[in-house]
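Right after this note come the structures.
Both of the next two complexes hold chain A, though its partner changes from chain B to chain C.
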Partner chain A sequence: MSSIVETIAMCVERGKVNKTSPYPPDLKGQDGADELTAQALADKVPANDILTKGLMIGMGKVGGKFSRNEVFVPDLLMAAKAMTAAMKHLKPYFESGEAKHRGTFVVGTVQGDLHDIGKNLVSMVMEGGGFEVIDLGVDVSPEKFMKAVEEHPGCAVGLSALLTMTMVNMEKTVKLIKEKCPSTKILVGGAPLTEEFCRKIGADSYSPDPQGALDYLSTVYA
Partner chain B sequence: MSEMTGVERIQNILKRQPVDRIGVFEHFWGDTQKKWVAEGHIQPGESMEDHFGYDLQLCWPFNLVARLNFTPEVVEETDETQLVRDGNGALLRRHKLHDATPEHVDFLVQDRAAWEEHIKPFLTPDRARINFEAYREARRRAADAQRFFAWSGVNVFELMHPVCGHQHMLTGMLVDPDWIKDMTNTYTQLTLDLMDILFSEEGYPDGVWFYEDMGFKERPFVSLDMYREIIQPSHRRTVDYARAKGLPVIMHSCGYVAPLVPGIIEAGVDCLQVIEVKAGMDLLGLFRDFGDRLSFMGGMDVRVLYTNDRATINRELTAKIPEVKRNFGYVLHSDHSIPDQVDYESYRYFVQRGMELGNYR
Partner chain C sequence: MRKRPMKSFTTLAIEHEDDLLFGTCPKPVRLTPHIVIGGGQTMPEVNYILPYGSEVSAETLEQVVTLYRTMAAGTLQRALDLGVPALIIEIELVFELTLNPEWGEKVVRATREVMGEFEAKGVHSALRTTVADIRDRVRPPRNRTSAETELMFESFERCAPYSDILSIESTGGKEVNDSALLQCNAGDIVFAMGTLASNDMAFLWRRIVDICGRHGKVAGGDAACGFANTAMQLAHKHMVPTVLAAVVRAVGAARSLVALECGATGPDKDCAYEGPILKAIAGIPISMEGKSAACAHTSPIGNVAMSCCDLWSNESVPYAQLFGGYTPEVSLENLWYDCKLMNQATRSGSALMLRNLLSESDVHTSAEALVLAPASCFRIARAILDEYFALGDSRAAHYTALYAEKFIPAEYGL
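Here is the complex of A and B:
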């Protein structure tokens, strides 16, 4: 018989949010990540175990499937919804220090660019990977990114761009952060980006998908 | 073979039958034409179709926003952006200074109940949804220039997400697929009803062009199975409608949609446009795998164009055109739109060199 933490991982992986959710059809009427997380905490399962052995495992599995094109955006979004439903129960434990994030990930779409779908997907996967996500939104200036880096020492930064014309602002942002805080790891992504461009502007990692970004940060925060 | 008109050329290209040369067409970001006009390369009011001798002309005459009489409401404004509530109840932030995809801030419709209350009752085939005059004028201009004239508009994927956003639309496909199917059926019927009205009064175009962005970086939004279950029935209905009237269909999709191409072919589409290289699309691979069943438009990496280096542009054209012209089913076009970083002379060279390489005579 699987433990409640393993069942939570399964619910996240399969996008089972709560009991009322009709998805996935074969789990209709059963408890989801929401109820099971509340139950696990009531049963005195450590919050950090729920995070690391339940939510992170579930998101890791669905993220891996996404990378291998075994599941698609709808499945990833449902997994993120399930994870969010669980995380609301864990919030007090993060505040008390009983549960700990692996690190902080500051993310935003660079100045001049308003596109947010890719950034949001990365944010969801990072949160599911155990990181505290500070989402600065869209059209974020280099100075605003820098301010967030100063407010969150040791954080990593994710920069997103859709438009070729805003890639220059990505370069400016990387330059400013690396000048003032050279040890900050900077990840870049977005439709027009390439590994070559990442290296050219001095960023640390490029990934075409959210799981690749999480895999990179997992090595940094190992 | 003598020189063909644009109409003859595109008609044959869509059937992969002999032509005098490959076709040529393009899309531009709005800022590009402004810049080239300011630089004196294009005359104010001169069309890109006329200036570059394109083989196609499009007209987008339908307005499918739910509340036609709703005046978009500016909720918040800065020096650079505007946050606007539109007639679909969507709250979108747009850049004022340059072209950009808007930020999706909020949507009134996030589930079936809101769709049924706020949107569906308003989606009626009202004549006010059709810009008859624009269609008539564009059709006349295309006929004068002997260009292939296509009705253009969006299909269901591109009609749904402005109403409920990508996230609600995509999760809805799993949680409440009947809601999403109701949206696709409603928009399909509305499109066909409006086409009936327009075409019966103003005459048919030479073809139909659907914009339908179903992919992003290296992935389609949905699997081929989900495409077949939820989206393809609407594609089939709209394509069948057009083909029953002798109108070939071109479908545009940004992003990586290679896994969906078998389904797009099953739906009856004649030509796939725009083959976005930076998203992972591979024109030569698609031509190899599907060139016997599908024509192509695009697939020339726009990042090459904004190097503004003729040797680099020539390499891109030389690597692709001699191969994809082999079965007469290709139209020269960038892999998305020409941004204003591309110099006028670079683009002019792109067209001239492309036409040299694409000549069959």
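Here is the complex of A and C:
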């Protein structure tokens, strides 16, 4: 791997967005993920290498630290911000097909539930993991999830719920998607959920943290 | 509706931190001839919810109402069996019961009827109804003019005749606070709670107090649950530092005080852990939850939360069967024995000692517990009042500094 791609990975891991960003303090004044990605493309580094060997490696490292309780959410947010700054340079390469998402991840908070902190964190980590994320928002009906599945063939679906009273809507959503599109992989998460509940409603994977969800999808889309 | 002038608190209602005790407060609230909250005794407040997987819809409504009736009867029968002289039942309306105000009314009315039956048997009870804040179903929330806003107020109106206390856990400003919390951005957290949430609460609580006044009911209070308890749970999951969660708790007190400035009298909500700070400032009775709420969520403040309570609550428990009976009944029994201990300590002159033991058993293991120790609450209360008169200047400065850069829904009226 070229050193510039390694440096991009380091910038994402540490949340160094661009030259003017003051964070992290020890990298102040140095190029960040923004400038380095532009430079790498100018140097003819393949866009897919920047994505898979730079950005995704950086996000994977910070995601792992987050799972091990070594960093807090703001560290993850800064990494995602650095990744976003880099991704804007890669956009034309995605459109031309030179760089490819690993898959599409449709995510939302189930009907009757307005909590979105967990869902947003999962979205961020999935994006960092190379997936195209379709965020349907909160209070999402089973039918709306189903429509998104039909619009994005081959996608995986993430369902979030915080309230015990809305878990029943998670079950309805899983049932509808599995009836109409049985091969769709469905991930569930949220404070009141358990592995047992996940199995009971027929979902494919439960994870208590975002990185676990990414790890699961990485095996599915390997 | 005529706009009421807001109260201002300029001196602490409790002058010495040793007087910040459980079971007693300067402004007790009399709900019935038999139920006075903060009048010298603590009493249980029991909250329950439908079993896991329950659905609330037009088709299931009758079953839902029957279940609420069963849950109330079981709880009150246990009170009768244990000789609990008085208790509060809290019904927290879920979204569906608030979005359909006539459904919520049916549940609350059924509960009231059961309470009446047990009143005749000698069990005195009062009902707190907490209406769900459904305004942020749409994003960004339209806090003042949406259909949800009107349904929410209709829900208050319909439930008021059958309730003794009305409360809410309002969420104005939460959309900004959630983002600020994840960034651990203390400045934006202060802005979300101190400016956006407080402004929204002034709008909300004037109307709630007016509804309570017209129905002769008690305006209980609000909780910074969606703010400070979110921070507590994020800290528990190691997503944000626990010290930040402790700071958010303290900031939440200034926000929740707005309900009292608008005329709420307490008892404050159980999940408003900022309650002791409000009690020191306004002298109102408060409800609290701690180890008794382990059925609902974990917390690092199980004992210290009990140290200044007037009502002692289980937060919420889904209906399920245990060896010892159904969950609301078991919760009541746990709460009642805690209350008996506190009341005995009061009778024997040991209340201060018990309060300090409850506090000291937690404060050395958690910043979040430390901020709720009576001494800390007292200092925070004093600091809030000391800054009160500087508020106008600080608000103006805040708007100038932040307004240009932030998305602030016009409905906050800033």
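In this section, the second predicted complex is superposed on the first by the 220 of 222 C-alpha atoms of A that agree within 3 Å, B and C clash if a C-alpha of one lies under 4 Å from a C-alpha of the other, contacts with A are read in each partner's own complex, and residues count from 1 in each chain.
By our rule, contacts are C-beta pairs under 8 Å (C-beta built on N, C-alpha and C of every residue); 3 or more make two chains touch, one makes a residue touch a chain.
As the structure is a computational prediction, the values presented were derived from the model and not from experiment.
Placing chain B and chain C on a common chain A by superposition gives a clash between them.
When the two complexes are overlaid on their common chain A, residue A:117 makes contact with chain B and with chain C alike. Touch criterion met: A:23 reaches chain B, while chain C stays clear of it.
Contacts of A:15 after superposition: chain B is touched, whereas chain C is not reached. Shared-chain residue A:77: touches chain B and chain C both. Of the two partner chains placed by the overlay, only chain B lies in contact with A:190; chain C stays clear of it.
Of the two partner chains placed around the shared chain by superposition, chain C is the only one that A:167 touches, whereas chain B remains out of contact.
Of the two partners chain B and chain C, it is B that touches the larger number of chain A residues. In the superposed pair of complexes, A:220 makes contact with neither chain B nor chain C. Shared contact residues of chain A, touching chain B in one structure and chain C in the other: 69, 72-74, 77, 112, 114, 116-117, 120, 137-139, 163-165, 191.
Taken in their complex, chain A has these residues touching chain C: 69, 72-74, 77, 112, 114, 116-117, 120-121, 137-139, 163-165, 167-168, 171, 191. For chain C in complex with chain A, the touching residues are 49-50, 52-56, 94-96, 136-137, 139, 178, 181-184, 230, 233-234, 238-241, 318. The touching residues of chain B, counted against chain A in their complex, run 80-81, 93-95, 98, 100-104, 166-167, 170-171, 173-176, 216-223, 226, 255, 259, 276, 278-280, 302-303, 306, 339-341.
Interface residues of chain A facing chain B in the complex, by the touch rule stated above, are 15, 21-24, 69, 71-75, 77-78, 81, 109, 112-118, 120, 137-139, 162-166, 189-192, 194, 208-209.
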